[in-house]
């Protein structure tokens, strides 16, 4: 009895949030799955059961296949690019440079800007217009003599999505830099000094002392970037609108609901997105909680 | 780089020269990357101050010949009602969700109960889900329970879906407070709320800064929730307005850029003024997934 | 002032670890009882169970006759001083001390009065407006005490309050805490790993090891009549010398055969420790360093000598610690544990010497040097004997027999 008096208040304090999350996250997810299995395909809600119709439709949908290809290309370029740039920035700043605060502030500021706003600029920068209407980055490349770099950017036939990843890399490199910098600096200086005393070159110090320390941070970064990428919506809408050539699942869902009014299909897309993310997140959550407990 | 154990005196100047070269190289790289990162800002600023005539392809990258605030004036006229909506949204939502996060983070880390870690994981998953997965039922539910539409609905949604991230921030921060402090308060006969109010809250400033800045920025910049939940264009927050009208492809470039800058101004100001505290919190691992 | 009774108290953690086993003791009103033992011996857990910060899994706790197992810590009228002081970082010294009174909603002028009183008692009057981070370790310690004192509780609990202070401050604070306790006459339970602190401060000492009580008694009793090998080796610095020996008949009485040396045992020792029954049996012999004297010591009561070659000499100012080997087997016992680290000390002879390593405390200016051959004079009245199986001291065994 006394024990309940001890922690009862704590439980009471979080219980409203537990209820809210239970309803608005888990409850609504269930509801969404239910809608995906229903026959709601017009403005008026309908709750008849239609089984896996929506999923089957998607499976045979050429647009959906295109969306998947797009998101795959985007994800790979985005993750690799952001990790590379973020890591490089952290590496350059690790030993401390004059004006570090100034540099850090610059690299991080893109996080403050919405994708809609930055989408407007990047749309302009990546303008594929040719000839005398040429502008944006293409204009810079041509004037700098780098003609081979001129291309269609996000309107490129096969690899347009790789270009679409650029604004995303721009926006998130700073955050990854912060993660890696914290990781780099989490290595006790004594460890590095001991290695140097043992005769290790700086390269070796990095390779054998610092990098192994970075594995958990890299894992975190991968998971965070992965889940952002699967969900990407704002950026695509801002740069490419509803165009097919830049469409990703999240945008397709929006179109299904607002234009096609096929709610079941929209819900199915949402469910598939959820499954995709769960595959990534659930093992990660279990891993983190378990390692926290062991620590 | 040379190894440490070098005896000949010639080694020292070589090493110094090499080190200076490395540092020089570092600065060059850092500056190049900084310029690349800032490039879009240059474009935004420069284009926004041009008159319509100058926004053609030929003058794309050059400074304005004739500095003009036309675009700004237009952007302001079109967007200020939406800016106002955004403020009405962001201020209550940020304050309430941060406070809720503090309470949750406190209960989950310092006034624990059996299953506290489970509850935390339960919350955490909610942060990672694609919000698309709950948009349809969310809008339906809000309609069914006759929740006041427009901005109030949006505020509610942001508070609810902000629970996981704010709880994470505060829980991570409160984990650094020694348990003995809680025990001392208990021995001093303080109950849970008293302990929170008098002992924990006064030392929560770092976490508050991170949470407030993060929530302010996320909620102000949000597009997905707003576009699904707010159907009346006059109630649109500025992000939706930016995308649908003022910033859309059909408007002239100078207006687009000015609008984008205007819409981003509040978050940029917050970032400039409070950014270093946010960085400090980030570096201390407040957001380590 | 209240009487505390621990009746077979035990603490088993959810993972199965038993931190405290079957602990029974009574702490009298206004007594200062010291719980002492190496790290991990359960002393802090026992303290926290009295406080109510840990749940009692077995046994009963009574304070002033009332069972306290299910009473919340806030209702036990107990104040605690934490090892890390746990001062509220954003509050001033005055606010820290006054906090509990504020919670009890005492009138503001009363609070101010009592804070001033307590601050004066502890020498903190000029620091009332400072924050903890502006204070030195000793000052913080006193604030922590002030916070406890002002509540006028019926019990004080102190968890290693001096271990974060440097040596000189510790010595000074020891006396101050003791004087304070006497003055306030509040029942106090004091936990420490430092046996010197235990000996100097406690009305009584309770020695613990691996969750169990080894011995409880006044300082001289614990020092002069240790109940077992662990207490003998733990209390006293440098520790008691221990070696395996056998008791034989001889010299008109009993003699102790330690390696190749024969030490006659005085009749009163034989009587007091019941040594007759141990004739011919192996025992463990113990003798404290201060009862081993150099040749020019002029100490009386010395009836035997131990020939030795000096291995090592340590000058500690007030005496000269002389280390030598005795060609007897060292005593092996389960409780051979270093006080602070909780490490099990293996006999690792760095010098390659075999046999038991003994330490004698000579006069500081005796001039003994490494390699010297000395006849160490043994004060045989002060010999201790222990049962090698049970590790209990023979006088304790004899008393219970």
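Letters A, B and C name the chains as they come in the text, with residue numbers starting at 1 for each one.
Operating definition for what follows: a residue touches a chain if its C-beta (ideal position, glycine included) is under 8 Å from a C-beta of that chain, and two chains touch if they have at least 3 such contacts.
Computed from a predicted structure; not experimentally measured.
Any chain bridging subunit B and subunit C, meaning touching each of them, is among A; the list is complete.
Of all chains shown, B has the CA centroid lying nearest to the centroid of every protein CA atom.
Between the interfaces A-C and A-B, more contacting C-beta pairs are found at A-B.
Here the CA centre of subunit B is 56 Å from the CA centre of subunit C. Averaging Cα coordinates per chain places subunit A and subunit C 60 Å apart.
Rounded to whole angstrom units, the spacing between the C-alpha centres of subunit A and subunit B is 15. Along subunit B, residues 191 each make contact with two or more other chains. Within the complex, the subunit B residues that touch subunit C are 178, 180-181, 183-191, 194, 198-199, 202-203. Residues of subunit B touching subunit A in their complex: 1-5, 23, 26-27, 29-30, 33-34, 37-40, 43-44, 47, 57-58, 60-61, 100, 103-104, 106-108, 111-114, 116-117, 119, 121-126, 128-138, 140-141, 160-161, 163-164, 167, 191-193, 217, 220-224, 227, 239, 242-243, 247, 249, 253, 256-257, 259-261, 263-264, 267-268, 270-271, 275-276, 279, 282-285, 288-289. Across the interface of their complex, subunit B is touched by residues 51, 53, 73-74, 78-80, 82-84, 86-91, 99-100, 103-104, 147, 151 of subunit C.
On the subunit A side of its complex with subunit B, the touching residues are 7-11, 13-14, 17-18, 20-21, 24-25, 28-29, 31-32, 35, 45, 85, 88-89, 92-93, 97, 101, 103-125, 129, 132-136, 139-140, 170, 173-175, 178-179, 181-182, 185, 196-197, 199-203, 220, 223-224, 227, 230-231, 233-234, 237-238, 241, 250, 253-254, 257, 263, 266-267, 269-271, 273-274, 277, 281-282, 284-285, 288-289, 292-293.
Subunit A meets subunit C in the complex at residues 1-3, 5-6.
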